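In the two complexes that follow, chain A is the common piece, with chain B as its partner first and chain C second.
And then the complex of A and B:
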């Protein structure tokens, strides 16, 4: 109980700080009203969460409210942060979606995929190819198409996966990750070869958002806010769907498959079906993340979606915490700010940014995090936090 | 839980109620706003400084050799700054590592060219100068255009940089891939008449335009392979083995490479392992001997690149050229970027390349005068002929933003040097109809103000 009060107070204080910041720091009345409405929504959701009966009797409502609070905090923040941080947030939120997908596959169904970077690539290229042939399609349609394409490829790859387990399955997804670049190369006239594709129209902020800011504001800043908001809201939707899936009958069936597939079969769960569905969900999530990257970057290059990305995704899931939703958010945050952190370290320590130490910082930080996680917190950062939490509540 | 629950619930309600009231009232009622600082007249330019930036591969797959290019340009800026700057302004050059937009392979920068370019725009920079790579720079063309930031001297020979109608602020620098392959192709036609030619190129404008240029002058490779960089990153040199083995089986006596240095190494290494010794003809992009030899240094056999034919628009390192001495001086002077460079170190092709457009930028900045805007700077750039280390003058026009249009044939003579194979300097254009001709209009002098 006390902890919940603590959390509510912390979130409440954060919202009040946001309010004060909005009062003194926001340039136009219109933006102030917009932030106020957004803040009110967040506070209302928080109020709903504070009712113990809601939490007990209506888990779905609770999940919606939690998502709204998280998304509102992120949106209020993006409206106020610099365009550089907003770009980081957009990239990180999209990565969170990808991590959610892999987390579900690995954490719930016990399968390992080294190919999620390539699934991202499927979504990323779907957006770019479609936009180059139908420049005026609404964004939502393009994103849905990308998710569908990802799901379709996931299904095809999931079929053989029903017969494979452990290292053999990992080997198959690895083959997909390695072959993906060559496949793009073969279809060079569609995918643009090594140059990749640029979107014909940059995704610009809608008029209503531009009007919230003073006329003198650089289009770069408003567009960055818009792209970050787009990513954050998509991540919110993905998060909500995943939370429900985790808690659903299907989610429980998945965990049973992971822990004991013989028992699962005995109670009537179809193993192949469960495994294929897990693959499809994970691929669709990855494709959405990749699609958002293309929109944010206004371009796609095949080299982005190589093997290194798949490995990064897997290590982020491990660092954040396999099979948990907070773990995916933590992983996304780490990915979003790792490069800025390295930049900050090099400028504040006077390291030569082109020197040996500085140029290896990324590897050092990720490597240390990964090793420390595996040794000290096998359930990842989110698992460690949860244990700390449980310990304190006792 | 039940004990004291009422109090806690009440406390929480008060807290949340208070927070919401504060939030809503505070945001709606307040009328204070922040005063927008008026932006400077020319972004990135102050009375004493011009800030420019670039995204380049300092680490990752393309870093080998290319990591020196922007630093070499910075050596020019450092030298000029030490001698009073340009029109009283110091040049501040901000270099961001984008790993060629490719994660993995030792990449430790942020492999996101768009995000890094946004950082440069918000600094702000006056222009991006010497950013490297075709795919990477293609991906930020519209971003830079939308923010009115000139994109100068892109380090790539793609024809994409010559599109002034759509991208008025976009400028290339080096000879286009087509110009280069046309000149090399003509040499192959003249000296290896009737011999089988095979082609290995990067699957983008680099390989595509290069192959077209060869065909323009009548060289039709019996086999042409386009490789992708991502597979080279994951597959390593083994990715090339089947291609090279096929060239060998087909009996190709001449192999033309449109490859980046790492890929050149992979091709040469595979041929060596297969006992295959064709005449290599390598695009200047991936032929620099110092860079290519790094992979073979310390091995018991001689550098397999020796004897390879290539193209250059910069002075050959063994040539007596007034620029070679000056380059050595400024590189030795810049201890921050080249701490280990001494008066006897070899000047590799990447350094000369970076110095080339570094000089082009300071020349253009000087010609633009003390009071300039982005528009007036671009006007100066398209209406002036510049002397750079390149053998042909650098000349842009309102309708041609490509850059240099010619050079000469060189041969790799040792692990660290190239020599002139044919003294003639050829010029042509990217158009399939224009022929390759010898020019006598050379740029051999050094602008006197650069001599200090």
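And then the complex of A and C:
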């Protein structure tokens, strides 16, 4: 079984590299060498991990393996694609992190949240505010701070949430999402009010990455590759940690609470504690996603983190598949490439990109997808794919 | 009976529960000793389920105390029961519908499984080891009850009698000193009834058992003592033989049946 996973993932990585190669051509020899190295590294990592496997019931190996494959594919893709697409990938990878967090809260512990857009905002503004006061902080520290801030806010919001169920909980998180913008305004001297904040220094690609690219290429594209890689690797770490959590007794406790809260209490799970933990994890993930958005966009505006974003996040989780990790990745991909898709539609249908219809296309596509998912695949796209897979292998 | 080692596992001490103006339980007192099987019986609406819920902390007593003398605690919340050595099965099967049978049984050992949140998050060797041990124990428990073949199935996909055994397996996973069984016989056929009675008898060496049951033929040969409730009050306690000939009991309950 694991051999098959290994072989198919190696073949998959090779195929993706080959396909990208054929589609976009290779700009320089140096880049080709870098890609080959990256591919070799990925394959070596997979090989090493498969040798290191200890027991059949050791799913950690599988989890690491899948994560590495996904990250390598995304990294290779960003190194080859145009800088516009790189930004899409960066934004989508950050969104995947947010979706993982909401998936844990809603799909695993059965709680609904309309406040995850605002949790993202907490992370986004933490980064911007900190950077404006301490311009030289290392990026990793800033991201950790954002996660901590998100977790703290999640904890505070999780406390009242322990006493609320269903629509009441949705109402409370909705109130948080609506209040967030007002709170930002009140502290306008810190948050920059309606116009938001600009980062003092853009996050630049490190020198070794710049050297891999030929001098003639605009430095902008190296930076976008770097930002995409940053986002993708962060998403990879977040994904692995979430997969671990799903497989641990804490993940199980969440599923037990969702399935039958009376029986969950009787096996010794404290419901308030489980609910607060779910909120903290979800908010911390959302904050990391928001923090990455600020780093990628080099700025933050309060209007980004309104109620609409929270609803988009919830829809994406439903479309991708609630409570599943592949579902979060699918949702992130949809979000990343929605704009490209709209661009493709407008150029191929002759719609005026500035016109009324085109400007509403985003909402139309999301709406259609959401309705189609609920009608045809209640378990989301990942659920539908799994059923298809199970059907074929029978 | 008064020295500490043979202290009762459970004592209800003048417990009353009022729902608004309704007296669901009134001044109920009884206890369960180690190695003893006690049956809680009574006609419909007598307060049996309320008694179970007040023992488990789902309902707070209006008056009186629910004591667990062995762990020197009282009026516990439901999530504290497992740590105090108390396990309960729910009416019907009460399993987790979207978790496999094996996961259901592993859930019963939730308190026992080691590992902090951090162990889970980064999958430390300690966390992995304890999960693996828990999985092994759960499989062994399923084997002990003879239902290991359904370990990978979902609770909805297995026969009712098997599901009841799974829910018993889940309760036993916490290695309880006191086992509370809520209608263990309901919905079982003749053969399964016999098996279940044998199972319960085999457990008495390790724990005290309190069970709520409607099926008199099932209860009478099984229990050491009976506590009979009617309109929220204890009207009789004693061995099955004593209770069978108790006037009030015959009038209130058994009389209807015979």
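The rule is simple: the second predicted complex is superposed on the first by the 352 of 394 C-alpha atoms of A that agree within 3 Å, B and C clash if a C-alpha of one lies under 4 Å from a C-alpha of the other, contacts with A are read in each partner's own complex, and residues count from 1 in each chain.
Everything that follows uses one rule, which is that a contact is a pair of C-beta atoms (placed from the backbone, for glycine too) under 8 Å apart; a residue touches a chain by one contact, two chains touch by 3 or more.
These numbers come from a predicted model, not from an experiment.
A.B. asks: Once chain A of both complexes is superposed, is A:247 in touch with chain B (first), chain C (second), both, or neither?
C.D. replies: Touch status of A:247: second partner only.
A.B. asks: Taking the superposition as given, does A:62 touch the first partner, chain B, the second, chain C, both, or neither?
C.D. replies: neither
A.B. asks: Quick check for you: in the superposed arrangement, does A:162 touch first (chain B), second (chain C), both or neither?
C.D. replies: neither
A.B. asks: Examine A:91 and indicate which partner it touches, taking first as chain B and second as chain C; both and neither are also allowed.
C.D. replies: first
A.B. asks: After the superposition on A, what does A:271 contact: first (chain B), second (chain C), both or neither?
C.D. replies: second
A.B. asks: For A:132 in the superposed arrangement: first (chain B), second (chain C), both or neither?
C.D. replies: neither
A.B. asks: With both structures superposed, pick whichever of chain B and chain C touches the larger number of chain A residues.
C.D. replies: B
A.B. asks: Could you please specify the touching residues of chain A with respect to chain C in the complex?
C.D. replies: 55, 57-58, 60, 63, 241, 244-245, 247-253, 255-256, 258-260, 262-271, 277
A.B. asks: Which stretch or stretches of chain A touch chain B in the complex?
C.D. replies: Going by the criterion above, the answer is residues 1-2, 5, 8-9, 12-13, 15-16, 18-20, 22-29, 32-33, 35-36, 39-40, 43-44, 46-47, 50, 52, 82-84, 87-88, 91, 177-178, 180-182, 184-185, 188, 192-196, 198, 202, 214, 216-221, 224, 296-299, 301-309, 312, 339, 342, 352-354, 359-363.
A.B. asks: Given the complex with chain A, which residues does chain B contribute to the contact?
C.D. replies: 1, 5, 8-9, 11-13, 15-16, 19-20, 22-24, 26-28, 30-34, 36, 39, 58-59, 61, 67, 71, 95, 97, 100-105, 107-112, 114-115, 118-119, 121-122, 134-136, 138-143, 146-147, 202-206, 208, 226-231, 233-235, 336-337
A.B. asks: Going by the contact rule at the top, pick out the chain C residues touching chain A in the complex.
C.D. replies: Per the touch definition, chain C meets chain A at residues 56, 58, 77-83, 87-88, 90, 94-99, 103, 106-108, 110-111, 113, 115, 117, 119-123, 127-128, 130-132, 134-135, 170, 174.
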